[in-house]
Amino acid sequence: MLVHEPVGERYRRLVLASGTITSTAQAGQFLMITVPPHAGDRILLPRPMAIHRRRPATGATPGTIELIYGVVGRGTRALAAVPVGARLQVTGPLGRGFDYPVGTRSALLIGRGVGICGVMGAAEDAAALGIRATMVLSGQRPDQVLGRADCAELGVRTIEVTDDDGSSDLATLAAMLRAEFDGAAPERTAPDVIMVCGAGVLARLAAELGAHWGVPVQASLEAHMACGLGYCHGCAAPVRTDPSIEGPLVCADGPVFDANIPVV
Amino acid sequence: MVAVRADTTFSDARAAFFAAAPDPLDLTGGPAVDLSVRIGSLTLLTPVMPASGCFGPELGALIPVAELGATVTKTVFGSARGGNPVHRLTEIPAGMVNSVGIPSRGPAGYLATLHPRYAAFDVPTIISVGGHRPSEYAPVVAALGENGAAFELNVSCPNLDRNGTDIGSDPAAIREVVAAVRLVTDRPIIVKLPVLVASIADCARAAEEAGADAVCVANSIPAMPLDARTRRPILGNVIGGLSGPSIKPIVLRLVWLASRAVQIPVIACGGVGSVEDALDYFSVGASAVQVGTASFARPFAAVEVARGLRQRCLDAGVGSIRELLELDAAQ
Amino acid sequence: MVAVRADTTFSDARAAFFAAAPDPLDLTGGPAVDLSVRIGSLTLLTPVMPASGCFGPELGALIPVAELGATVTKTVFGSARGGNPVHRLTEIPAGMVNSVGIPSRGPAGYLATLHPRYAAFDVPTIISVGGHRPSEYAPVVAALGENGAAFELNVSCPNLDRNGTDIGSDPAAIREVVAAVRLVTDRPIIVKLPVLVASIADCARAAEEAGADAVCVANSIPAMPLDARTRRPILGNVIGGLSGPSIKPIVLRLVWLASRAVQIPVIACGGVGSVEDALDYFSVGASAVQVGTASFARPFAAVEVARGLRQRCLDAGVGSIRELLELDAAQ
Amino acid sequence: MLVHEPVGERYRRLVLASGTITSTAQAGQFLMITVPPHAGDRILLPRPMAIHRRRPATGATPGTIELIYGVVGRGTRALAAVPVGARLQVTGPLGRGFDYPVGTRSALLIGRGVGICGVMGAAEDAAALGIRATMVLSGQRPDQVLGRADCAELGVRTIEVTDDDGSSDLATLAAMLRAEFDGAAPERTAPDVIMVCGAGVLARLAAELGAHWGVPVQASLEAHMACGLGYCHGCAAPVRTDPSIEGPLVCADGPVFDANIPVV
C-alpha cells in the first residue's frame, strides 16, 4: 500500500503496487479487498471495490492501481485504519468490465459519487483508444465530485452536476444531455455508447438516453458480495428473472451488464 | 430487462494475489504423520474440507485444492431453483447472514456444467443434496449416480410435507431420507444437521440407525438481521443463516453431544477459521472439520488449517491428531 | 470445610455509583404517552422488565425499580437445588455464558427470604417457575399462591420424563405444563420458550392453546465455551447458556415468527441493552422486552430502555410505540 | 480517574476519586468496574477488583481509592486503554471484608501477586488500630512483588519471598514462618489472626499455620462474577457443600471467609 489518504470528508484514496493487476485489469473490473482486523474488530467478508485507475509500470517504477472509497460502515471504517506500507490481501481483477463496441468513436460516461470510480477505467480506455469521451460527474456538493483531475489528466471532457445547484436532478440532467448531444456538429451528435455506474436512477437515465439515441448502454451494478468469484451466489443482480432460473451474478456475469432498463 | 451477456463466467486465470501464499510445508524429517479419516468406505487424506456453498471450482485458480481432504459442492436440488431476492447476504459483528436460497440447476445441470470442474481436482467430490420433502433426496442421489465420492444430505430445508419445519429437526424425517438414499447408493452418506433441533443426539442417532456413514454438525443458524437505521430486514428473504465465529460456541456443544451419541464420525462445521478452531472441535469429539465463512476473506483458510494440523503434529513429534490432543491434555 | 459467617448478605446501603445516574425524564408538556401493555389481566405501565436471573432485590439500592413494568424473579423450583460447580459464568466476545444451574430454596424458601423484598417494590412481581418434569410446575405455582402478579414458566429445563430434552422444545409437554398450571392459578401465565426448538411457532401455539396469556421468546442458547489455552471447558458444568448481544439476530427471527403465530403478546428477551434493541424487537412484533445480560455492566440499562422509549415518543409527538414505529416506517 | 500507570511489566495502578467509597469501604472489600467499550470491543461483564488502598479526603483533596490490577485478558486489556481523566462506572464497595477479632494485638497477613491488594486494607487497618502486623509479600520475581512501598508507608513489617530464589516455595515458607513466630519474645510469638489472599495453596498454608498456632484464619477467595451484588448466583465459592443447598457466594458472603481449609 503506497498511498492512503483522505479525499474530502467522506472518501479515501488508496494506491496499491501491483504489476499483475495493473497490466491485466479491464475497465470496470473490481477487486475483493480483505480488510485486516482492526483493534479487536474482525471483518469477515472482503469488500468489493472498483479499480479507479490503472497506472502501468514505467522503467523502475512498478505498476499501481488506485481505488477511491467512501467510509460508510464497519468494513470501510476498519479499512481506513490500515497504515501506508501495510500489505493488503486483494483478489482480482474480477468480473466483466466495460467494452467499447468495435468502431466506437464517441462515448458518454456517467458516474455519481464513488460510482465515478466504476466508470473511470472506461475514460482511461477512451484516452488510449482515441475515443472522444464526455464524462458526467455527479455529486451532492462540488467538493464531493470525484474524478475531476483524472479526467483532466486523460483529456476527457467533463460535465459536473450537483444536488447543490439542482443540476444533478434527473429531469434537468436528461434535458441538458439531450440538448448537448442532439446537435449537428460532430462533437454535438449522439455518442456511440453510454457507460454508467451509480444509483438505480442514473442507470435508468442512461437507458432512456440510449433508447432515445438508439445506442447501446453498459451499466455497472452493485450487490453485496462474499466470494467475488461466482461460487457463493450471494450477489444476484437486482433484476427480475424467472423464479425457477437463477438470474445473473454481479461478480461473475457483471458488474457491467448490457442493459436497457435494469429493473431494480 | 437486462440482456445478460452469453454464458461466460469468471476467467480463473485473471485471479491473482497480492499477498504471498503461505509457505509450503516443510516435510523433511520427523515422524510419519497420518491425518487420514474414514467416512464409511471413503478415506480422506486430511480431515479438512470446505463447507457446502462456501467453495467453488473457481477457487482452483487460487488455492492448492489437492491439499484438502475433499471438495464439497453447493447443495443440488431435484428441480431448478432461482434463489432468493436481493440482498442475499450481509455481515454483522462476528458473523455473516446469508439467504442465498440455494439456486440450483438440478442434477442434470450440475453434471453438465459444474461436475467436470470438480472432477478435475485430485480429491474426492462430496456432493451436497437437498430436498423439500423427505422423498425428494433419493431421486437426486440416484441421478448423480457414481459422480459423488460421497453424498452430504443437507436436511436443513423446510419440509413441505410437515408445514415447513426443517426435515433435519425431525428424527423420523431424517430416518426416512437416509433410508431412501441408502437404497440408491453404496457411496458414503453424510447427514448435515441443523442447529435448531430439540435434541441433536436424537437426530444424529436417527441418521446413524438409518444407515448414514457420518453426520455433519451443523448448518448455519436462522437469524433475522435488521438495518440499524431503517429497522427493516436487510435480506430480501427477511431470514437468513448466521455463520462464522459467533456460532462456534453453540456448535461446539452440538458436536460434543453428537459425538457422544453416535459411533459414526462427526464432521464439525461452524466458525472454523484456524488450526485452533479445528483442534477445539477435535477435542470435543469431531473427526473432521469443514471451513465455510472464513474462506471468503481468506481463500487459503482451509488449506492453512490442513497444513497447520500437520505442522502441529510434526512440531510435537506425534503421528496423529488424537496423540496431539492427548499430549495437550497431559500437560 | 469453610465456616461461612451467619446468614448475612450484602448490605444494600453500601452500594454507590461513581457515575451520575441518567437524568430523570423531562415530563413537562407534550402529549400523553401510553406505554402500558396488558399481559392477560395484568397491566404493566411500561413494556420493559428484567430477565429472570438477571435481577435481584439488591438492585433496589441502585436503580429506580418503580420505573420498570415489573420485576421478574430468578426461577423457583419445587425442591431445593444447589446449583452447578464453578466456574459458573464467563465472558466471550459479544456474549456471556452462564451455567449457574438455578440454585433454589424452593417455594417456601423463596416466600420466606426473597419475596418480601420483591413485594416492597411498587411494581408487579412476576415469579419465574421451573421444573424437571411437566408435572412439577403446577405444585410450585400453587404453593406460591397469590404472591405472584403473574407466573413465567421457564420451560428451558431438561424433561427427566423424556430423556432430558427440554420441556419447552416439545409442544405436547408445553401444553401439559400450561394446562396444569392454568388449573391452579387465575394469574397471568407467561411461557418462556427456548431457542433450540424445531418450530417456535408450534411451541408458541401450544402455549396459547393451553391457556397461556403471553410467551417470552427466548432463553439463552446452550453453548460450550472452551479455554483458548488449555482447550478444556471453562464452565464447571461444561455447557452453559449464551446470552447478550450475539444472540439478538437469532432471537429476532424467533420473535418475528412467534408473533405471527399467536394472538397473545410476545415478550422479547435476548440481547436487549438499548432503546434501539427494544424498538427492533417491537418492530418485528414484540409487545414487551426483557433486559438480561446488559444489566450486569450497566445496572441502569432496563431503566434507560424504559425512559428512552418514552422519550422517543415524546420527541416524535406520538402517544405509543405502535405510532412511533408507523412513523419510522413511513419515512 | 486520577492516575492510571503501569507498575512493572504486568500490572497497572488506578487511582479513582471517590469520597463515598473511600470513607465507607472496609478492608478486603471490592469494586465492580464497568469496562468502557474499547475500539469496537464491548466488554459485557464488569470486572471485580480489590480495593488496594483507601486514602481519605484531607482538606480540599478529595478521598481516593487505589487499585492495582494485572492485564490478563480482554477485560483488563480494554481497561488498560482508558485514559486518565475518564469517568469510570464503578459499583461498590461490595462484599464482606477482613475483620480483626476483638483484642487482636498482632496479625500475619499473606498475599501473592495482585492478591496482595486483597489484603492491603487489613494492613491499613492494622496501622490505624495499632495492631502489630507482619505481611508476607510473595511473587514470581522481585520486580513483581507489590506493596513494598505501601507497607513501608504504613509501618508494616514485610517478609518478601519469590519463586526466583525459592523462598516462596510452600514448605520453605511454612518452615520460615514457624521459625519466625514459634519464639518466646513478644514479637516472635504466634500472631492472633492470619489473613490471606491469593492462590489456593497460600490459603492452605494459612490454614495449616492457623491450626498449628490455634488462631483464626480469614481468607479472601476469587470467583468469576457478573453482578457482584448477590443476585446472579454466578460466583459460587470454590468449596464443597451439600449439592441440594447452595454454597456461599463470593460476592455477598465473601470475598473474605472464616476458613480453616477451603476445599478448592
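Note that the chains are named A, B, C and D in the order they appear, and that numbering of residues resets to 1 at the start of each chain.
Keep this in mind: a contact is a pair of C-beta atoms (placed from the backbone, for glycine too) under 8 Å apart; a residue touches a chain by one contact, two chains touch by 3 or more.
Just so we're clear, the structure is a prediction, and the values are computed from it rather than from any experiment.
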Any chain touching subunit A and subunit D at once appears in the list none
Computed over C-alpha atoms, the centroid farthest from that of subunit B is that of chain D
Here the gap between subunit C and subunit D, centre to centre from mean Cα coordinates and rounded to Å, is 35
Between subunit A and subunit C, the Cα-mean centres are separated in Å by 50
Where subunit B touches two or more other chains simultaneously, the residues are 93-95, 245
Check: subunit D positions touching at least 2 other chains come out as 41
Within their complex, subunit C touches subunit D through residues 1-5, 8-10, 14-19, 53-59, 62, 74, 79-91, 93-96, 98, 100, 102-103, 105, 244-245, 293-299
Interface with subunit C, subunit B side, in the complex: residues 92-95, 97, 164-166, 169-170, 195-199, 202, 221-226, 228, 230-232, 238-239, 242, 245-246, 249-250, 252-253, 256, 276, 279-280, 283-284, 325, 328-329
The residues of subunit A that touch subunit B in their complex are 16, 18, 20-21, 24, 34-35, 41-46, 74-75, 87-96, 223-227, 229-239, 241-248, 251-253, 257-263
